[in-house]
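Below, chain A partners chain B and then partners chain C, in two separate complexes.
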Partner chain A sequence: MSRRSRWITLGAVWGAVVVAAVVAPFYLEGFWLQTGLFAMSAAVGAIGINLLTGATGQLSLGHAFFLAVGAYAYVYLSTDVGLPTPLAAVVAVLLAGAAGGAFSPIAGRLKGAYLGIATLALIFGGQHVLFNAEPLTGGYNGRPVPPMELFGFVFADTPDLVLLNVPFGALERLWFLGLLVLAAAAAFARGVLRGRPGLAMNTIRDHEIAAGVMGVPVARYRAGVFVLSSMYGGLAGVLVALVFQRAVPDYFGFLLSLDYLAMIVIGGLGSVAGAVIGAVFVSLLPQLLTRYSDSLPLVAEPGSGGVSPAEAARILYGAAVVTVVLFLPGGLLGLATRLRRVIPRIKELRWPNSATAPASRR
Partner chain B sequence: MTTFLELLANGISVGAVYALIALGFVVIFKATEVVNFTHASLLLAGGFLVAKLHPALGFWLALAAGVAGAALVGALIEFLIIRRARVGSHGVLAIVTIGVDILLTTELTRQIGTDVLALGDPWRDQVLHLGPITIAETRVVALGVAAALITAFLLAFKFTGWGVAMRATAEDAETAALMGVRLGRVSLSAWAVAGALAAIAALFLCVFPTPGLDRSTTAAAMKAFPAAILGGLDSTTGALAGGLIVGVTEALMSGYQSQLAFLGRGIGDAAPFLVMIAILLFRPAGIFGTKELARV
Partner chain C sequence: MIPELVVSDVTVRFAGLVALDSVSFTVRPGSTHALIGPNGAGKSTCFNVLSGVYRATSGSVRFGDAELTASRPHQVAALGVARTFQNIALLPRLTVRDNLMLGRHRLTRSGFVSAGLRLPSAGREAARHGARVEEIAAFVGIAEVLPTPVGLLPYGTQKRVELARALCMEPRLLLLDEPVAGMNSEERREMADLIVSVRESLGISILLVEHDMGMVMRIADSVTVLDFGRRIADGVPDEIQRDPEVIRAYLGDIEESAS
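And now, the complex of A and B:
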């Protein structure tokens, strides 16, 4: 493919994605909108953890905690303190970052899987706090989340709003907020990864000593990336809370952290697109299985004793994590890239005399 | 004072069980440099086998089957997955073990469901009176068995050919291979041993005063992670010390919960992790861990 035609294809693909995303709420029913919104918030969180684990090589099993900080800080600040909701959201993200910063003496010094075990403390300590600090978190039953209100526009079912004959409820409105937040989060992370910080992070992952010798402050970078990724976690937490309309402590447990790790491994470690693809995959899978459980073999309806959709999804993506690492280094994103390289080559084999033999395959 | 001694005795006994789990964890790390997150599910697999087989086979045979089964599962994970994964960094291997853990834990907890499975142990709920202290018989047995197993393991580590091969691999895998140590066998045996130790630990985590094996057993098993890391991931001594620290802290914190009410309910479950953080703040490599140094 020539350079120009590649730009055209790329533009067409992106155009299609944007159009599909904007049109979606006019056609999809509530169930899928909600699933899509979860996927968006998961994507934001996964981008954050991919900066940490994929790009810098630091494992974290504690990111569910930062989601909890974001969600509960938003609830607390907007309900109890009475901050305007957008400000509450921003401060919630900053607080999640501060929580990550408070962990930085550990996040900066430990590397890789060691850090993974240490961050288990965030989960178990966090769960303890969530269940016990009742005035703040509502204890076991959680707390209702006030809807976001931006310049007088409320992201809730009331007041009624009908656009092109489609009633625009909370989910439809949040859909666009989610898209904007995700786009901004992705653009920022892409900037970080493509610039000097990204190079430094990759060098730390690949060879810590070499990074240090070349003048990268390794500990400070590790701590910094940890803070950044915890802010992404907090942002994802705020989004999840807005979609759920209720924050319950149980949700922010160890399994959620595992979900996030599965996302980045399946999607592709170290890139923004990989995180987004993985997040969509892992969030859609259980919902798809739930929706079509009666027509799928081996999957039983919930509560009937067989493999429930949630369990089947978990087993599937546990297996996906293993398969991806064994056979598809680079994840689904890596698979797409490889296919893109292989397909022209196959064409070349089929028509050896073809005039369009690629001069620049890359 | 009596309460304190009782709690301490219980703590040491539970700590010895954590030390067993942590020891397996450390052995795998030393032999293959993989941080093994499947450990909790290995433990669950061992316990599950014992619980399911004891009505048919009787307790002792079931225990043997559980130990063998968990060892086999460990060996299979190494043989089928860890050995085949051609990845650059050990961090990615840790993520693979997380994937395996998701698989195993989901399936096992699904099998267990909401049941609480008894393990059919011969000690039941008998208690011993040692002077003023009352302690469950299971706790005494746990301490004895754990101490015996740990001693046997450390002796084997020091004096047998297998132990020498293992230590040589941990020191420098490449040189060990050149000297004729079969790395595949070393790592396979490490996983098998870790599985067997985890199965024994599962038994003692699920007997009286715990009601039995249920979904929450994995959570109990996860307390061995802080035990392993606070002692130092590459140190067998560290695993023992870590296990005891975690066990005693947990027992004391839960025992004096009413006096520590300001810390909230269930502080005993969070305590091992808080202790780990406190220790890692001062010694990032753990108490007995070797600090990584590099000459540039």
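And now, the complex of A and C:
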């Protein structure tokens, strides 16, 4: 394929994605919009943990803790402190980063799986606080999340808004906010990965000693990436709270951290696109199973005694993780890249003169 | 201005094992100095002390005014000390260009914010240093493989990429750990020529660990010989070749093997 035709294909694909994302709320019902929004927030969080685990090789089992910091800080700052909601969201993300910074003396010194074990403490400590600091967190029942209000525009069901004969409720409005946040988060992470910090992070992952010898302050970088990843976690937390409209402690447990690891392994370690693909896969699967549980074999209605959709989804993406680890080292993204490389080669059999595209970085 | 590297009385102990036993030598500015010795003599340990990877149990290493034994690896790098590795330490999936750009890390500034927001300053910096990377690649003879992932290159070329990456740090002292190990004679000669031309055109000091005696004797200005962690000889190549203790270390004791 020539450079030009590749650009045209790429532009067409992206154009289709953007158009589909923009028109989606006009056609999809609430259930799918909510699922999509969960996927967007998961994608933001997954990008963050992929910077840490995928690109820098630092395992974290504490990602859910930073989502909780973001979600609860947003609720607390907007409800109790009375900050305007956009400011509360920004400060919540900064607070999640500060929480990561407070942990960074540990995050900078421990490497790989050892950090993973240390971050477990964050989950259990965090859960304890969420359940027991009732004035702050509302305890077991959690707290309602005030809707975002940007320049007088409220991301809630009231006041009524009808666009092209489609009633625009909270989910439809949040959809566009989610898209913008995800696009910005993805663009920032991509810049980091393709620039000077990304090279240093990849070298720390693949050859720590070489990184130090080449002048990379390894501990400081590990701490810095941990803080950045916490901020992505916090942003994902704010977003999920806005969609859920209630922050409950149960959600931010150990299983959520494992979900995030499953996302980046399934999607593809170390890249933004991999994180997004994995997040969509892992968020969509349980919802699809819930939706179609009556027509699927072996999956029962929740509470009826059989395998519930949520359990079935966990089993399925457990199997997906094993499949990816065994057969698809690059995750779903790697599979897509491989297909893209194979298809021109098949064409080449017919037109032997065209050259294959060189491998791209990350 | 290239300072002297003064290694004095460096001792390294790992639990009960003495890897280096009060070793001293000096690398004069702009000279090529070889560190040789049989396997297990402590050469790589010495390199790891010099680059801040290992801590010396005692002794000091001075490079100009700086004390290297108290520094972390990135602080040593910031002084302009670059090294290559015995076993290649490149990122195989990245292109040669990206691997070389890592060498520019200490000379560039853009961090998470400027790279993430793609500030123009980060773009300008990358372009400027990219141009220098191309110059260095041309000097080392790897310009045509810049867009190729390192893992696809033959071993001899990867060794050159490692050298180029070290040169990208604009070093004042270059530590080369077995630069021709595993190469065929043609590649060895090319690498030796390259090392000589690095020294001549850049005027930097080079400290070299190497098993290829022919190459050491041809390109080194002075030689330090280690055996079982001790320094057994130090001098110009001609002296070293005739030194009875060096011959004994490499070939064994004649009387011992006769009896």
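Keep this in mind: the second predicted complex is superposed on the first by the 346 of 362 C-alpha atoms of A that agree within 3 Å, B and C clash if a C-alpha of one lies under 4 Å from a C-alpha of the other, contacts with A are read in each partner's own complex, and residues count from 1 in each chain.
Just so it is clear, contacts are C-beta pairs under 8 Å (C-beta built on N, C-alpha and C of every residue); 3 or more make two chains touch, one makes a residue touch a chain.
Note that the coordinates shown come from a computational prediction; the quantities given were computed from them, not determined experimentally.
Of the two partner chains placed by superposition, only chain B is touched by A:118; chain C is not.
Of the two partner chains, chain B and chain C are each touched by A:213. Look at A:156: by the touch rule set out above, it reaches neither chain B nor chain C.
The partner of chain A that touches more of its residues, comparing chain B with chain C, is B. By the touch criterion defined above, A:199 reaches chain C but does not reach chain B.
Of the two partner chains, chain B is the only one touched by A:110; chain C is not. By the touch criterion defined above, A:335 reaches neither chain B nor chain C. Residues 206, 209, 212-213 of chain A are contacted both by chain B in one complex and by chain C in the other. Every residue of chain B that touches chain A in the complex is listed here, in rising order: 35, 37, 81, 84-85, 87-96, 98-103, 106-107, 110, 222, 225-226, 228-229, 233, 264-267, 269-270, 273-274, 276-277, 280-281, 284, 294, 296.
Within the complex formed with chain B, the residues of chain A that make contact are 53, 57, 59, 105-106, 109-110, 112-114, 116-118, 120-121, 124-125, 127-129, 131-133, 205-206, 209, 212-213, 254, 258, 261-262, 265, 269, 307-308, 311, 314-315, 317-322, 325-326, 329. Contact residues on chain C toward chain A in their complex (touch as defined above): 51-53, 72-74, 76-78, 82-83, 85, 89-91, 94-95, 98, 101-103, 105-106, 108, 110-112, 114-118, 122, 125-126, 147-149, 165, 169. Those residues of chain A lying in contact with chain C across their complex are 188-189, 191-192, 194-200, 202-203, 206-207, 209-210, 212-218, 224, 228, 358-359, 361.
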